[in-house]
Amino acid sequence: MTAPALLQLFVESQAALEATAAPLSVEDFVVQAMEDASPVKWHLAHVAWFFETFVLAAASTGYQAFDPRYRFLFNSYYEAVGDRHPRPDRGLLSRPTVEEVRRYRRHVGEAMVRLLEGPALPPAPAFAVELGVNHAEQHQELIATDVKVVLARNPLRPVYLPRPARAPAVPVELAWVSQEGGLLEVGHAGDAFAFDNERPRHRTFLEPFQIANRLITNAEYLEFMEAGGYEQPTLWLSDGWAARQRLGWEAPMYWERAEGGGWEVASLHGSGKVEPLEPVCHVSFYEADAYARWKGVRLPLEQEWEAAVARQGPPRAGRWSPHPEPLAGSPAAGEIAQAFGAAWQWTQSPYVPYPGFRSFDGAFGEYNGKFMSNQLVLRGSSCVTPPRHARVTYRNFFRPDARWQFTGIRLARDAR
Amino acid sequence: MTAPALLQLFVESQAALEATAAPLSVEDFVVQAMEDASPVKWHLAHVAWFFETFVLAAASTGYQAFDPRYRFLFNSYYEAVGDRHPRPDRGLLSRPTVEEVRRYRRHVGEAMVRLLEGPALPPAPAFAVELGVNHAEQHQELIATDVKVVLARNPLRPVYLPRPARAPAVPVELAWVSQEGGLLEVGHAGDAFAFDNERPRHRTFLEPFQIANRLITNAEYLEFMEAGGYEQPTLWLSDGWAARQRLGWEAPMYWERAEGGGWEVASLHGSGKVEPLEPVCHVSFYEADAYARWKGVRLPLEQEWEAAVARQGPPRAGRWSPHPEPLAGSPAAGEIAQAFGAAWQWTQSPYVPYPGFRSFDGAFGEYNGKFMSNQLVLRGSSCVTPPRHARVTYRNFFRPDARWQFTGIRLARDAR
Amino acid sequence: MTAPALLQLFVESQAALEATAAPLSVEDFVVQAMEDASPVKWHLAHVAWFFETFVLAAASTGYQAFDPRYRFLFNSYYEAVGDRHPRPDRGLLSRPTVEEVRRYRRHVGEAMVRLLEGPALPPAPAFAVELGVNHAEQHQELIATDVKVVLARNPLRPVYLPRPARAPAVPVELAWVSQEGGLLEVGHAGDAFAFDNERPRHRTFLEPFQIANRLITNAEYLEFMEAGGYEQPTLWLSDGWAARQRLGWEAPMYWERAEGGGWEVASLHGSGKVEPLEPVCHVSFYEADAYARWKGVRLPLEQEWEAAVARQGPPRAGRWSPHPEPLAGSPAAGEIAQAFGAAWQWTQSPYVPYPGFRSFDGAFGEYNGKFMSNQLVLRGSSCVTPPRHARVTYRNFFRPDARWQFTGIRLARDAR
Amino acid sequence: MTAPALLQLFVESQAALEATAAPLSVEDFVVQAMEDASPVKWHLAHVAWFFETFVLAAASTGYQAFDPRYRFLFNSYYEAVGDRHPRPDRGLLSRPTVEEVRRYRRHVGEAMVRLLEGPALPPAPAFAVELGVNHAEQHQELIATDVKVVLARNPLRPVYLPRPARAPAVPVELAWVSQEGGLLEVGHAGDAFAFDNERPRHRTFLEPFQIANRLITNAEYLEFMEAGGYEQPTLWLSDGWAARQRLGWEAPMYWERAEGGGWEVASLHGSGKVEPLEPVCHVSFYEADAYARWKGVRLPLEQEWEAAVARQGPPRAGRWSPHPEPLAGSPAAGEIAQAFGAAWQWTQSPYVPYPGFRSFDGAFGEYNGKFMSNQLVLRGSSCVTPPRHARVTYRNFFRPDARWQFTGIRLARDAR
C-alpha cells in the first residue's frame, strides 16, 4: 500500500471510530456491562495504544509516550508486551477521563500522521499500520455491541440513535441454493490484507450441499419458540441445554415479554416491537444449532459458507450507515443474500488452525492463534461491521454461548 | 424543630453533600468499585429519592415526580416501597447522566424549599424531613468512602484533594482512663433527633474497666505486623483468620508494599508514605480484635465506650474540612481523645436491639432494625462524618470484614 | 473427679458413641452431605484423636501412635496442633476404612483404660479426659444430625430407626411464664465441669419479661407459613430474607410438599407426615426470628432463658433413648417445659464472651473462644443430646442460617 | 452377532467389570472425588440400569424392575428416559449399599442371561445388548480412572494393586513416520459394532504429514517443565493459560514435589518415583498442545492419526492385565507404537459430527451426538481400556482441561 493510501486509511478509520462513539454521553463511555464487553473509553484508548505500542514506539522516531502507565492500562491481552490491567476491572477505571483519552488519541494520531506523511515505511511498520487499522475497525464494531449491552440493561432504555424510517419489508420464501462441493480451495491468497487465521489458501473436500438464500427471520424463530424449542432438551447440544438452564434463556438476548403478551426487543433504537421479517439476532451458537435441528437441517461448515458465497464475488462496498440494526433481506433468485451487513452467521465449525497455519510474527502472533479453542467460526459481517472490513475469507470467532454480538442464523443441509 | 430551622438544615445539608462531590470528574460519579459501595451519582440521586418518596409524595401537595421510573431505580432497600434495581448493578447505569441527576436534585430541592417555606409541617412529615437530612449526612460520608475505593483501585492513583500542610504531630503515650462501671444508663433520651436503634435509654451493668486515651497509631499497628500478627492464627477469631486467608490480608486496606521495602498508603490525597502518628485506619473488626488480643487486652463494649465518652460531654462542633483523612491525636491528661472526627472505633458488641427497642413506624422501620444480625457496632465518628451528625449515643454498624470505611482501633481492658 | 469415676465416664461415653452409629451401614459412615457436616467415620476417629493427642501423647506413658498420619487427618481445627486435612474434603476419604477406624478406636481406648486404671491423674490430664468425654458427647449428637442429612438427601429415604409407638399427644395452650428480672447472676460457678464459655458467673441486668411454657409446634408454624410468612420480607431480618431467597426456603429443612398437597417431613424414621403437636424443628435463627416478629413478640435473650430455667432446677436425668426426634411437650401449670431433650432453642443473643471471659489454657483455648463471631447462642438441649451433657448454663452456638441441627423456637416478650 | 456370542460377550464383560472393582474396599465404592468422576458403586449400578432400561424393560418379557426408583437414581444423562439424580450428588448416596447394588446387578444379570439363552433377539434389542456391552466396557475404564482420583487424593495413598515387577525399559529415540496424505477415507464402515460418531466412512483431504513413532515420555516432558514451559504464556492457548493459572498446574496431574527435590507420582500402585521412559500421562489437551508448540511441532488431526494407524492393521488383542499404568514403548523401525493400550492421545481435532452423521435412533441418539461441542477427540486406547474395546476408528472425547483420564501426547508435523 502506498504511503498516501496508508495515511488516508488511517485517518478515515479513526474518523469512523469517533463517529461511532459520537451519539453517546460521557457516562456511557465508562461502564463495563459484562466481562466480555469493554467500556467505550477503553476501546478508544486501546486502539491508540495499539498504534503507539506497535508502530510509534517500535519505530525510532523519538516518539514520547503520552503516559507510560497506559502501556499497562490499555494492553488487552499481549503477553509479549507485558502485564496488563485485569479485563474484568476495566469498568472500574473512572480515569483517565474521556477528555484525557481524547487528548491521548490526538497525541497518538498526530504522531501517526507525521509518520505517515514522511518517507514510505519499510514493510514491517507499514504492515503494523494496516493491521492497526483493521484492529480499529474491529473495535469500532465492538463499541456498538458493547454499548448496546450498557443501554439495554438500563431500565430507562436510552436510545443510541432513533430508528430511521424504512420502507416496509416484503416477505421472501426461504429457498435452498445448491452447491456441488468437491475438492475445493478456501482461505485467503494474494497480497491484500488478511488476518493470519485466513491463510493459507488450501484444499478441502466438501460433499454436495445446499445453503439458505437468506437469514432466518424473527417470525421464523418465534415459531421455534412457540413450538416449545426452549423446553425440549433433545433439540439441544448437552452444553447448550446446560447454558439454557443456567442462564435462563427463553428467547434471544434483548427480547423481553411485553405487557399483554408477545415480545418486545431492546435495540440501539430503544425498546420496540419484534419486526417479523428482520433477521433474528443475538442468538448463541447453541440456539442456532437447536433451531437448525428443529428444522431437520443443520448449520453450514465454514468451508461450505465460503465456497458458496465466494462464487458471488466480493462483498459490495458501502458506507457504515446510521442503521445499527439488521434489516430484512430481499434475495434475487439463486442469490445468497445477507451474507454481509446484517448479522454474523454461526457455522458449525470450531475455530481451529488451517492446515499449514503460521501465525503473524512477534507479538502479533497473539492476535488470533491463541484463541483457537472452544470457539466457533462465524462468517459474513454484521450491520455494525465497517463495510471495508468484510471479506469472503474472514473468520470471526466467539464462544458458543456468546449472544451480545449481532449473530444470526443461516441454514444449510446435505444435498438430497 | 421550627420551620425555618428545618429549612436551613435542609439547605445546608444539601450544600454539604454537593460540596463533597465537587472535586470529582463526571466519570468518577459512575463507577461502583465493589458491591458494598455505590456510585457517587447513585448516592446523590438516592438522597433526593428519599425526600421525594417520604416527604413530597407523601404530602398532598400536588408534587409531580421528576421521572416515575426513579422510584424503582433509586430505592435502596425499602421493601415497603416496592421493587428496586439490584444493588450490584448500580455501576451499570450510565443513565441518568450526572447532569440529569442534578436536574432531578434541583427539581426535588425546589419542591422541598417550597414546602418548608410554607406553613409549619405536622409532626410526621417534619420528622421525615429531619430523618432525610440525617440520611443525607450518612450518604455524604459514604460518597467519600466509596469514591476512595474507586480512586485507590485505579493504577493512576488520582487525587481527590491535595494533602494539606499540617504541623508535625507529637507522639503521645497510650494511657488508660479508668471507669467505675456499675448499673448505668445508656442510649438516647429526650426529644432531639436520634435513630430508633439508639433508643430507649436503658439500664445496663458494667464491671469496672479502663479505656485508651487515644486511637492506635500506624506505628503501633506496624509493630503488630512486624511481630507476625498476620501469620499467627491463634491471635484471630476463626472467621477472622478465614477472612484473612481468603482475602489475602497482610496489612490494612489501602496499604501497599513500597518499592525498596516498607509500606505506602493510597488515600484521598493520592499515594504517600504511612504517617506513624496518625491513627491506623481501614482495618476490619477481625484485625482490630487480633491486634487487641496481641496486646493482651480487648476492644470496648459499646456500652463501655458510651459511658466513658458521655462523661466528657457532647462532641465539639466543627465544620467538615478539606482534610478527609484522620489526623494524629493529642489528648489532654485524663481525656479520651479522638472519640469523634478521626476514625470509627470498632467495639466488641454485636449490633442487636436495645431492650425495649421499637423501630420507627412504617417504611422507616426498615432503616435500622432489619440489619441487626452479623454486624458489629462502631462508635464515635470519622474524619468524613459531617460534624453535626456525631453523637455520643450513635450506633454505626458494619460487617466484621468491612474495611472500606474509616475504621480504627481503640483499646479497653478490665480494671486491674 | 475420682479415677474410677473418670474411667466409668470414659467407658460409658464411648459405648454411647458407638451405639449411636450402630444402626448404620458401612456406606453411611463415609458420606459428607455438606461442608458443615462430617462423615460418621470422621467423627468416630476424631474423638479418638482427641484423647490420643491431648491425653495419651501428652502424658509420658510411652504411648505409640496408631498411625502418625492421623494427627493430620483427624485434627478438626486446632491450629496449635498443626496442619490438618481440609474440612470440605472429609467425605473424599474412603480410607481408613470403617474397620481400620474401629481398630484405631480400640487402640486408643485400651491405652486410655490402662491409663485410667493406673494411679490418679494430675489435674491437667484429668481435666483433659473429662473435656474429652464432653467432646465425645458433642460428637455423639453430631453423628445423629449429620447422618440425618445424608439419609434425608437420599431419594430412597433410608430409615435410621423405625418410628416407635407413642401415645397420642394432647394439645397444650401456649402460656407465658412471668419473670421479674433485675440485677441477676448468670453463668457457671463451682468446680463441676463446664466449658470456658459458660464462665465466669457474673452480674447482668434484665428488665421484667415473660417466657413461653413450651416450644412452638408444627401446627403453629404451619399457620405462619399459610399466612405467607415466607413471602413477606418485612417480617425478616435483611440477612434472613437474603438467605431465604438465596436458598429457596419455604418451609423448615426436611419438609417437602406431599403429593396431593400438604407437607411431609423426612426424619431419622424415614418420611412421614408432619405431626401437628410436635415441636417445629430444623428452623434457622432467621426463621425463628421471623416467626416471633409475626407473632408480635421476640426470642429470649440467653440470660433471660437461663434465669428463667435455672429456677426450675437442673435438667432431669434420663437415658438417650431410641426416639431421635423431638416429642410433643406437656407442661405443668407455671412450668417451662421442653427446656431440655426436645430441640435447641434459638436466643436473640449473639455468641460473645462473658465479661471477664478467660479461655481454657493451651490448645484447648481454641475450643470455644475463637468462634465468638457471627453465631447465635442456643440454649437447652435436643432429642439427640446425651442427657448427661445438658446443663442450665450451657451455651450452644450456630450460624443464623444453620438448619441441620435440631433447632426449634421458644418465644419471649417484654412484661406488660 | 449370534445369540450364544451375545451371551458370552455379556457374561465376559460383566465379569471383567466386577474384576476391575474387586481390589477395592466397600468404602472406596462410595466416594465421588470430583464432579466429572462417579463413585464405583454408581458405575456398577448404572451399567445394570442400562441393560434394565434399554433391553429388559423394552422387551415384553414380563421383567420386574428391581426397584423402580433406580430408574431415576442411575440414569446418567438420558433426557428421553426422564429426570435423574443430579450428577454432582452421586457421592452423597450411601444407599443403596454396595451389597444392594450387587443384588441389583445379579437380578438384572440373571434376567439378561435368561433373555440371551432364549430365542435369537430381533435386531433392535440385539443391538441394545451389544451397545450395552460396549457401554459397560467404557464404565470399566471409568472405574479405574475415577477410583484413581479417590485414592490419590487421600493422604494415606492407598494402593489399588501393587506395582508388578517388569523388565527395565530401553530408551527409544523419537522418530517420525511419514505419511503421504491425499484424498482418503476415514470412519467406520461395515456391519461390525461401532458408535454412531465413527460413521459414516467418508472422504477427507490431508496434506502430507509425519507422525511420531511413540508417545512422549516422562523424561521428555520433564525437559519442558525444566525449560519453564509452565511459565511461558506464549507457548499456550489463551484458554489453556487461563486454566493453568486458575488451577495452579505446574506438572501433570498426580505429580507432586518430592521431599529433597524432584517429583513423585501418585498412581494406582501408590506413590512412587516418576519413571523416565514411561509415557507422560494425565496431561490436558492444553498441556499437550503447549508441549508440541515448545517442540516446534503440533498434535495430529484425528484423521491423520486414523489414516496412519489404520495402515498397521487392527489393534492386537490382549487381556486386561493387572498393570493399570502405562508402560514404556518399544517401536520397531517404521512402526507407530503405543497406538493402543498405553494412553489416549490428544488430537487437535474438536469433536464434531462427520459429514452425513446420523445419530443412533431414539434415546441412544443421546449417547454421543449431544456432546459435540467444546470437546477434543482422543484416539487410541489406554492401559485401562478393555482390549476388545479398542478400534482404529474409535473417537474418544474429553474437554480440553480434563486430566483424570490416562491421556498422553503423540506428536505430528507437516511433511518437510
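Chains here go by letter, A, B, C and D, matching the order in which they are written, and residues are numbered from 1 within each.
The definition used in the following text is that a residue touches a chain if its C-beta (ideal position, glycine included) is under 8 Å from a C-beta of that chain, and two chains touch if they have at least 3 such contacts.
Keep in mind that what you see is a predicted model, and the values were worked out from it rather than measured.
K.L.:
What chains, if any, are shared contacts of chain A and chain B?
P.N.:
Chains that touch both chain A and chain B, as defined above, do not exist here.
K.L.:
Once you find the CA centre of chain B and the CA centre of chain D, what distance in Å lies between them?
P.N.:
59
K.L.:
Distance-wise, how many Å sit between the C-alpha centres of chain A and chain D, to the nearest whole number?
P.N.:
38
K.L.:
What's the distance between the Cα centroids of chain C and chain D, rounded to whole Å?
P.N.:
Chain C and chain D have C-alpha centres separated by 46 Å.
K.L.:
If a residue has to touch 2 or more other chains to count, which residues of chain D qualify?
P.N.:
none
K.L.:
So how do the chains connect up here, line, ring, star, complete, or something else (other)?
P.N.:
ring
K.L.:
Which chain C residues qualify as touching chain B in the complex?
P.N.:
Per the stated touch rule, the residues are 77, 79-80, 183, 202-207, 233-234, 236-241, 285-286, 348-350, 352-353, 355-356, 365-366, 370-374, 400, 414.
K.L.:
If we count contacts the way the header does, which residues on chain C are in touch with chain D in the complex?
P.N.:
Its residues touching chain D are 25-31, 33, 41, 69, 72-73, 85, 89, 91-98, 150-151, 153-156, 158.
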